[in-house]
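As written, the chains take the letters A, B, C, D and E, and residue 1 is the first residue of each chain.
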Amino acid sequence: MHVTQKVKKILSYYESDNPGTKANLCRMLMHGRLAGTGKMVILPVDQGFEHGPARSFAANEAGYDPHYHYQLAVDSGCSAYAAPLGSLEAGAASFAGAVPTILKVNSSNSLATSKDQAITSTVQDALRLGCSAIGFTIYPGSEYMLEMYEEIREMAEEAKAYGLAVVIWSYARGPEISKDGETAVDIISYAAHMAALLGAHIIKVKLPSDHLENAEAKKVYLEEGIKIDTMEDRVRHVVQSCFNGRRMVVFSGGSKKGSDSVYDDARAIMAGGGNGSIIGRNSFQRPKDEGVKLLHNIMDIYKGK
Amino acid sequence: MHVTQKVKKILSYYESDNPGTKANLCRMLMHGRLAGTGKMVILPVDQGFEHGPARSFAANEAGYDPHYHYQLAVDSGCSAYAAPLGSLEAGAASFAGAVPTILKVNSSNSLATSKDQAITSTVQDALRLGCSAIGFTIYPGSEYMLEMYEEIREMAEEAKAYGLAVVIWSYARGPEISKDGETAVDIISYAAHMAALLGAHIIKVKLPSDHLENAEAKKVYLEEGIKIDTMEDRVRHVVQSCFNGRRMVVFSGGSKKGSDSVYDDARAIMAGGGNGSIIGRNSFQRPKDEGVKLLHNIMDIYKGK
Amino acid sequence: MHVTQKVKKILSYYESDNPGTKANLCRMLMHGRLAGTGKMVILPVDQGFEHGPARSFAANEAGYDPHYHYQLAVDSGCSAYAAPLGSLEAGAASFAGAVPTILKVNSSNSLATSKDQAITSTVQDALRLGCSAIGFTIYPGSEYMLEMYEEIREMAEEAKAYGLAVVIWSYARGPEISKDGETAVDIISYAAHMAALLGAHIIKVKLPSDHLENAEAKKVYLEEGIKIDTMEDRVRHVVQSCFNGRRMVVFSGGSKKGSDSVYDDARAIMAGGGNGSIIGRNSFQRPKDEGVKLLHNIMDIYKGK
Amino acid sequence: MHVTQKVKKILSYYESDNPGTKANLCRMLMHGRLAGTGKMVILPVDQGFEHGPARSFAANEAGYDPHYHYQLAVDSGCSAYAAPLGSLEAGAASFAGAVPTILKVNSSNSLATSKDQAITSTVQDALRLGCSAIGFTIYPGSEYMLEMYEEIREMAEEAKAYGLAVVIWSYARGPEISKDGETAVDIISYAAHMAALLGAHIIKVKLPSDHLENAEAKKVYLEEGIKIDTMEDRVRHVVQSCFNGRRMVVFSGGSKKGSDSVYDDARAIMAGGGNGSIIGRNSFQRPKDEGVKLLHNIMDIYKGK
Amino acid sequence: MHVTQKVKKILSYYESDNPGTKANLCRMLMHGRLAGTGKMVILPVDQGFEHGPARSFAANEAGYDPHYHYQLAVDSGCSAYAAPLGSLEAGAASFAGAVPTILKVNSSNSLATSKDQAITSTVQDALRLGCSAIGFTIYPGSEYMLEMYEEIREMAEEAKAYGLAVVIWSYARGPEISKDGETAVDIISYAAHMAALLGAHIIKVKLPSDHLENAEAKKVYLEEGIKIDTMEDRVRHVVQSCFNGRRMVVFSGGSKKGSDSVYDDARAIMAGGGNGSIIGRNSFQRPKDEGVKLLHNIMDIYKGK
């Protein structure tokens, strides 16, 4: 399949990147059932790290085996599969070339005593495992925010030099951010914007609520009449905050929920101009055929069916 | 256009720098509508990082797109355009050679829990993006001041070795400095002087008030009869504190305000011997033609019209 | 002796490793009385560091001499011998090639004032001493957890590049984990899973109790009906949490106790599909012939006798 | 002028140094009006950093220009001129070879919130600026003391390897040292001794009072009858503490005061066997001819006139 | 003099070391009046750093001059002379080859505000000064213990690679260790054992008292009937804790005291199988002939006279 005009247009936005990085972005955009559409559905499996093995995999025991997730990504036609070091090491040779992979290079877990993450793998690991990108989480608002920014600055510089793409998970949290504020539209769009300023090629955020957290921001939202009533509006505002669409933004699905709700999310992302979904628990915690079906239905939404 | 005597005189002050750094200083001094005058107007766009996208760009939505600011700097004939990594990456190829650029290598944001900044890009980034200088913020008075000084020492040494220029944003703040003290003339001149001692080629400070913050300094100002009554006086004192004019100092414009106030500032800077202005929100938060006009008017003041 | 099918199968799970690392894993799996069975019994002697010399060696004074432990590992047919730098330096030449060795590269001690360990030797030390692997302790739940993860990430990357294997001791402890929680089955399986995600080839944990520490995890264990009644059940769950058996997991013996209890442990490990035991105090704190006999009996259990 | 026997004797004390470092020590000892005498008068101008520009230069406005101090050092025949990075960068080419220079590589300021200094320039900077030595401040007694010792250890090692000399400013201060204790003779001599142990070639301390700060030290001073009654006695004791004269020690002048008091200090230093003075504010805060005259008079004392 | 069988036996214990390190150990064991006996008396002079110059040298003023100590070590026939950087730099050329030297690479002082030391010189310094070994202090029990272990791990690895020997001063202290506990036999033997595990070639500890500090250790000492009644017993136990004699252990003399007490210590060390003494203040705080005589008498005890 030739690279489509839609994908060429997107690649043109990454004007300072070397051909290696462009090729890896292209690989993800030209892979799977959404190849060529400019949309992506990514399978992320770092929940074993974040919440432990039982909470992640007991619902569908096949998921204890890292090969299961590779196969799920392949069978469902995902654009890419993202996971931590050990998971990729356990399947990278068996599935070499079968699906683009994103090495999640930092991780936290539910035993952590601070709002920080550990760097658990490197750009060199990503290269030896044949990955297309590294994935890195930042916590805007955390006491560790500035250090995390310096870590991704260093890793992103190295990744780009080696022709890899950089995906930033941007999740606001910290002592001065309320629980509602973590998904407030002003915070989510700010978190996405900072990821873009830090040099991310692809940005991952949660879907925003219509809550406005910051008083000074709230004033501007009201004065300027920024539209945030519907999810579609809010997605559009986040896309605008990602350099007016010059950087791709995908939205995460959150904890397991009903299929209809997942589809509603996808429709809003599609309508608002977002670049796709990153769907973990909602796919691998279902029996395989159901998981594949759900992913296919999401992809159909992005294909405009 | 040949390099003017005024510019040659200024370059001669940078007597320890290599030809590469002199050439980059020259590039900024010989670019745009103020070329050859020894004065500069710089467009800085790091407010998306500092205050978030909506507070920065909703007033003039075109500003969500990084290309807008490049074009604004070109169309208005600014001496240089300064921005963080992501913004420059998004336009550096399209606008290569069109306007000198300054990579802002550290950044903070309104979600930060401490008076510090993260290093968010590097000298190597500045080189690969074709920049003429790096920009770095220090916070004299902060608990992180000494670390920030060590960071810029390291980055400045590397930048100078590669022929780049170094611009220091020197903004006093910290537990023992009052809100008024942040713009007190003794503090601003001290902050500017330390930036010069740290090896800055160009120093950026706020316009000082006639407040005197430090008791021991106040005694000296009164005893020695240092003139600080008018803005022109205070600008002259800051220029003196920058090695008696051997280092260029430009003044920032602050939040959006009326045009007349902006012009008054420029006239005082011109009269006091300052090297120019660095104008962000007052230019890009207006519709484009108004922003260009305002910048042109400022430049006319510096041209003595 | 040719490499057995069982060992070849295990080696095939380490699909991203270079031949050097596979060879070192093979060396341990093809050494001693359990050669070829896919099971391992490892002799660890770091108790002198952890508890001091008298508490470790007074019960069997021969143990003050590092050569004693080398000889014990050789005479009993252990799969490998693990110890800190000084101990290996004192015997590595005399026993070169006699038994695979694991250099314990970090250590704590009972005089420590924090739940952390010091890195006390390096990958380069392991190479010059002819070791097959490095051993590293992590404390999931400790305030130092994230730093420890970053340390092993760095050392594991280096070890793997040089063809060494990586063994992680994963011992949960910290301000939010109760004493019972340190051996709770949800915590042990989580600790084992994270070691696998961090890239361990071999994981060492304590035998788990049927306690459930974490409330959210407990809910899942009950809802999904995860079997944790018998030690065999719990071992099986831990094995599952180690990538469903794609990573080897061995269980530690704890403080000195009766032989029957030690054998019961081994039978449960065998039945649950664990890869073996790591037995320190229970072997070297007995007179040599008794220690050898106990180790032989354990090995017989793993040989299915 | 040939190198005198006095200077050769002093150089012989630096028996482990390479010829490059000996040559730089010689350069300072053979320069200016005290050339060949074994005595030194050094002009230090780091007060702009320490106290701000107005407090430093308003009394004699010519001092805002870094060239002024170079010229003052040349005209008065000082042995060397010491200043921070920016000041030397602004004049190093104009005054290349005119006077030996010492790059002050760390600095604090009156806005600092801790008793520490920032490293503000490097050995490489000293080399590219043609300096003969680096200058470094330590604060014995500060919570940052151990880190400062590690910093100068690293910089001194590098400086010596490149043939530069090392000057240590040793100023005791910290939570357990009283204000009087900062100049107590037991503390000053201890501070000087530690600078010698850290490898300094030239040590700078304040002139000591007859106060004894430390109880255990006081006992020894009384028991052993160490003479500390006169300034000459105390200078002699400090010289003894600098390896019995094998390391040069110079004394600082403090804040501006009457000329007679400055001369009394110099006579005591001369009588006690000290190696000279380091005179900043007392010289550059006077009109130039007065400053030169005062420096000449001090030098005459050291010449035994 | 040929290398004796006793020395060859000792060298054989260092089986993992390269010939360079063995040669340096041999140099110390074959030097001075105890050459070939397998015993050592070392002169350490770091008290100027630890307690200040007056408290260290006023009792015998000749000691202010670093050459004095070199000469004392030579004249008394010590096995080696240990001192910090500045002291060795001041005499290393004059006394090149006259006596083996140990560079004390970390140091604390009585103005310190924490139980830590600064690294004040390097392995490279030891090499350029012709030293046979580096000396490093650890504080088991201190809040800085783990960091100190990591520092010596790094420096020991480098020292060994360059063929130097490693001497560890192991002095327990910290928030949970009582004053009596610092010399308790369980703590001293634990401190010595950890130094051995960290890879020391020679271990320096204080002579232990019969106090037992740690409750769990005390139980074992009583149950196992470990003999600690006499100083000879306790020395023997410490030797056993140093890999049953595979690592050399020398004992420090403490503050100045009567000669008879010093000789009693030496006799106990000799009887218990220790490798010798490290005697500072008791030798250099006496007039030179008395100091030499005392050292000779100690050596005679070790020679069995």
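In the analysis below, a residue touches a chain if its C-beta (ideal position, glycine included) is under 8 Å from a C-beta of that chain, and two chains touch if they have at least 3 such contacts.
Since this is a predicted model, take the numbers as computed values, not measurements.
Contacts with chain C and chain D are shared by E.
On superposing C-alpha atoms, the copy chain B sits rotated by 145° relative to chain C, to the nearest 5. For the pair chain A and chain C, the distance between C-alpha centroids works out to 36 Å. Chain B and chain E have Cα centroids lying 58 Å from one another.
Residue positions of chain C touching 2 or more other chains: none. Beginning the circuit at chain D and passing next to chain E, one meets the chains round the ring in the sequence D, E, C, A, B.
Listing the residues of chain E that touch chain C in their complex gives 13-17, 140-143, 145-147, 149-150, 153, 157, 172, 174-177, 186-187, 189-190, 193-194, 196-200, 214, 216-217, 220-221, 224, 226, 237, 240-241, 243-244, 246-247. Put simply, chain D touches chain B in their complex at residues 48-49, 51-55, 58-59, 61, 64-66, 84-94, 107-114, 116-122, 124-125, 128-129.
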